[in-house]
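Have a look at these structures, which come just after this line.
Each of the two complexes below includes chain A, the first together with chain B, the second together with chain C.
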Partner chain A sequence: MSIPFLIIALVTLGAAAVAMALRNLIHSALLLVASWAGVAAFYLWAGAEFVAFAQVIVYVGAVSMVVLFAVLLTRRSRDDLAVAPESLGRALSALLAGGAVLGVLFGAVLATGLKVAPGPAPTVSVLQLGQQLMGPQVASLLVIGALLTVALLGAIVIASTDRDDVGASLDDARGRRQAAPLQEPEDTP
Partner chain B sequence: MSPLQLCLLFSSALFCIGLIGALSRSNTILVLLGIELMLNAANLNFIAFWRYSPVPAPATGVLFVVFSIAVAAAEAAVGLALVIAIYRHQKNIRLQEATRLKG
Partner chain C sequence: MSAAATTDAFLERAPQLLRDAVTGFLPEPWRWIVNGIIAIAVILAVFGLLFAFLTLAERKILGRVQNRPGPNRAPTPTLPFLKFLGKIRTYGLAQPFADGVKALTKEDVVPRDADKLLHFLAPVALLAFSILTFAVIPYGRHLVPLELDAAVLYFFAAGASTELAVFMAGWASRNKYSLLAAMRALAQLISYELPLLLSWVPVVMLAGTLSTTGIVEAQAGWKWGFIPHWHVLTPWGFCGFVIFMVSALAESNRSPFDLPEAESELIAGHLTEYSGFKYALFFMAEYFGMIALSGMAITLFLGGWRAPLPFLEFVPSYAWFAVKLITLLLGFIWIRATFPRLRMDQLTRFAWKFLVPLALINLGTTTVWSLMAGSTALQIARWPICLALVVVPFVVIGRTLSAGVAPRTYRYAAS
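And now, the complex of A and B:
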């Protein structure tokens, strides 16, 4: 087909595949950010510019930050980012299951006669999207606003420390500081 | 092979990469990243159909994907908050060790 689509597909699939196979957690997260940027490039190629910018803002901007924070908050020492290698049996059975799903999906897509409308991409202006959101889709807009608020509050409540856990986390930090003392710079007299 | 079928093959491949990652890794954050990949593949599917099918209301397809992105982002935030809570309890984030419901 067209060369830009092939480049986008190769970059996205390659980055995603390597991200799922790496052992360093931060490298996986950064490669997945590249994969999300590739998905945004696909949206631009298909003519959905608003969705492409929403993808960049939400995934490349916000979700990647949340993932990196979670990675950095859940390690015990400075070099605890290496994930232990998976057992071979587990990796092989996952590959088998994924390959079976891939075969079924490929067969279904190639066997179905899908109607393709020739012509350029449908153009949607931001004005039309705003009118749709405030008009016929206003119920979905209110529901998604409530959902995002509840999800944010729930995430804060789940991830926050209780009063009696503060002592435990302070002991944790003190133990870590004793294990790896910081090198204070010498004051020049 | 029509261009719509090529786009669907691309999204199916991305979905299966995310599925393999979510099934085989034992680090909880990597499982969540695999699930995010699967959600992205579903959004790719929506945009592929929006692009190539005769649509009477082109704004509806775009809004569907925007809502899907919003829901996926909320789910990622809550999932990672759960990971942080699990880490505080068992001091590592291996999936196999989170086997008890009792806190």
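And now, the complex of A and C:
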């Protein structure tokens, strides 16, 4: 346990905890990004440079955008952004379900006998990492790539189902426009 | 002149000698820290000044292009003890400093309903992330602020984080037009991130390293004694360089891709609610991003700090880097003066239907190029093959996309 590690852990967990406690969804999302950046800092501290920068590109750069776009596109107004539990029962059951998952995960981690590697940790360069990924591990890399592509396509399929209310209002607008056609400006020579 | 002689030339090592003269007496951990601080201070000072005079050069050049003089009346401060000098003509050289004083003394207006904290954090975060990118660019033979194994990845990780700041600016302003403009800006940034990332993958493939020093090293040497081994002088490298520069224009919100803040149409988009020094910070971040991306383009494609001809190697390496950097930046200004602005749909169509396919094909071209490196005959044959692989898709995709659009007909203008 060194001091940098403690600071990184504190920032990561603190940001995550505050993100859970805040009512404003945008603030929560931005704090979640801070938490992800903390995880990247942890990788950097642990000497995994490549993983750290990949974490920043993927999570801070891309996933954060997905989260923010999702929040903004699914809320009707700014006042809708504040979330509160609907009833005490729901809040309690959410707490119970989350606590159960946490308990299972902690139990699994604690039950696993993590062996301490003898000697100092090996330093792996980006070159070795790339050669491992492109050589012996290439099959798993391709499988993961195919899996992510399928997930992406599935998300598009799920999201692109026509919503009735949206379609109806669009048709309304179209009908109104046809009823009162815009006066075309006459061509002047 | 042998390579060892150039490496140890006095001018080549002058910056380091100067630094060591200042920090040489310090004990080890302190020396390391002070060296780092000096590197940071030098980067901030050099690129801060470059930013200041770049704005002046831009305004002057745009002025000349539009047949007007540009800024030329910024006065020198009249201090009592300098009275005897009288009026000094500065040819507008004092303009950046006058601008700086103006930005500092302007009122900082924050909308009443704005998210105060995020409104303040957005310009700060944007500037911080764009300054971070300067750390890994090799400015000279011995001038790399930070040696990283995955330097190229670091550069683009820091660059990707700027999107967050743009979102924060648009959302915190509590102005629906700012928010809409921020979403448009994000759509542009995300669209052009892909060709930008794809365009340098071939370089990493052939150099076999993600470190910027390694990539500059891979471009060493001369063909027939005088043609440098720069990546831009190969078919795939030229294609990658052009895609990189176009995407860099779009990533740094420069004309003709400056729709996010199209000042004549959108009252500056997500920057509408910013004034005073915060606005200046956004401005600064835009120029820093432009300078950093140009520096990366030089490192990846234009041979980094290397001299263009063998007999010019006596000029110190950082001077060559500066020459290349200023050339690219003047190119940016020239493009701004020449091209009309794109429309939103043209912008995204250009990225997804033109640049991304070309960048993907360029990956294949690079593979062909590296596989045909065996014998001399193959090395001659790969030139026409790879040229065809670059030119044919360019023509075919370009023709298909512009079918039915061109030529433009003018109804009212005299032909």
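Just so we're on the same page, the second predicted complex is superposed on the first by the 123 of 189 C-alpha atoms of A that agree within 3 Å, B and C clash if a C-alpha of one lies under 4 Å from a C-alpha of the other, contacts with A are read in each partner's own complex, and residues count from 1 in each chain.
As a working rule, contacts are C-beta pairs under 8 Å (C-beta built on N, C-alpha and C of every residue); 3 or more make two chains touch, one makes a residue touch a chain.
Only a predicted model underlies this, so the values are computations on that prediction, with no experimental measurement involved.
K.L.:
Just checking: does A:R90 make contact with chain B only, chain C only, both, or neither of them? Give me first, second, both or neither.
P.N.:
So A:R90 only meets chain B here.
K.L.:
Output check: A:V33 vs chain B and chain C. Expected answer is one of first, second, both, neither. What do you get?
P.N.:
In the superposed model, A:V33 contacts chain C only, not chain B.
K.L.:
Applying the touch criterion given at the start, work out whether A:A62 contacts chain B, chain C, both or neither, answering first, second, both or neither.
P.N.:
In the superposition, A:A62 touches chain B and chain C alike.
K.L.:
Looking at A:A151, would you say it contacts chain B, chain C, both, or neither? Reply first, second, both or neither.
P.N.:
First partner only.
K.L.:
For A:V126, decide between first (touching chain B), second (touching chain C), both and neither.
P.N.:
It touches chain C, and chain B stays clear.
K.L.:
Per the contact definition in the header, classify A:A54: touching chain B only (first), chain C only (second), both, or neither.
P.N.:
both
K.L.:
Would you check which partner chain A:L105 touches, where first means chain B only, second means chain C only, and both and neither mean what they say?
P.N.:
first
K.L.:
Per the contact definition in the header, classify A:S140: touching chain B only (first), chain C only (second), both, or neither.
P.N.:
A:S140: touches chain B, not chain C.
K.L.:
Which partner, once the models are overlaid, touches more of chain A's residues, chain C or chain B?
P.N.:
B
K.L.:
Both chain B and chain C contact which residues of chain A?
P.N.:
On chain A, the residues that contact chain B in one structure and chain C in the other are 50, 54, 62, 69.
K.L.:
Tell me, which parts of chain B touch chain A in their complex?
P.N.:
1-10, 12-21, 23-27, 29-30, 32-34, 36-37, 40, 43-44, 47-48, 50-55, 58-60, 62-63, 65-67, 69-78, 80-85, 87-88, 91-94
K.L.:
Given the complex with chain C, which residues does chain A contribute to the contact?
P.N.:
Within the complex, chain A touches chain C at residues 26, 30, 33, 49-50, 53-54, 56-57, 60-62, 64-65, 68-69, 72, 78, 125-127, 187.
K.L.:
So in the complex, which bits of chain C are touching chain A?
P.N.:
Within the complex, chain C touches chain A at residues 118, 148-150, 153-154, 156-158, 160-161, 163-164, 167-168, 171, 174, 179, 183, 186, 190, 193, 208-210, 411.
K.L.:
Under the stated contact criterion, what part of chain A meets chain B in this complex?
P.N.:
So the residues of chain A touching chain B come out as 1, 5, 9, 12-13, 16-17, 19-21, 25, 28-29, 32, 35-36, 39, 42-43, 46-48, 50-51, 54-55, 58-59, 62-63, 66-67, 69-71, 73-74, 76, 83-84, 86, 90-91, 93-95, 97-99, 101-102, 105-106, 109-110, 114-117, 121-124, 128-129, 132-133, 137, 140, 144, 147-148, 151-152, 154-156, 158-159, 161, 165, 168-169.
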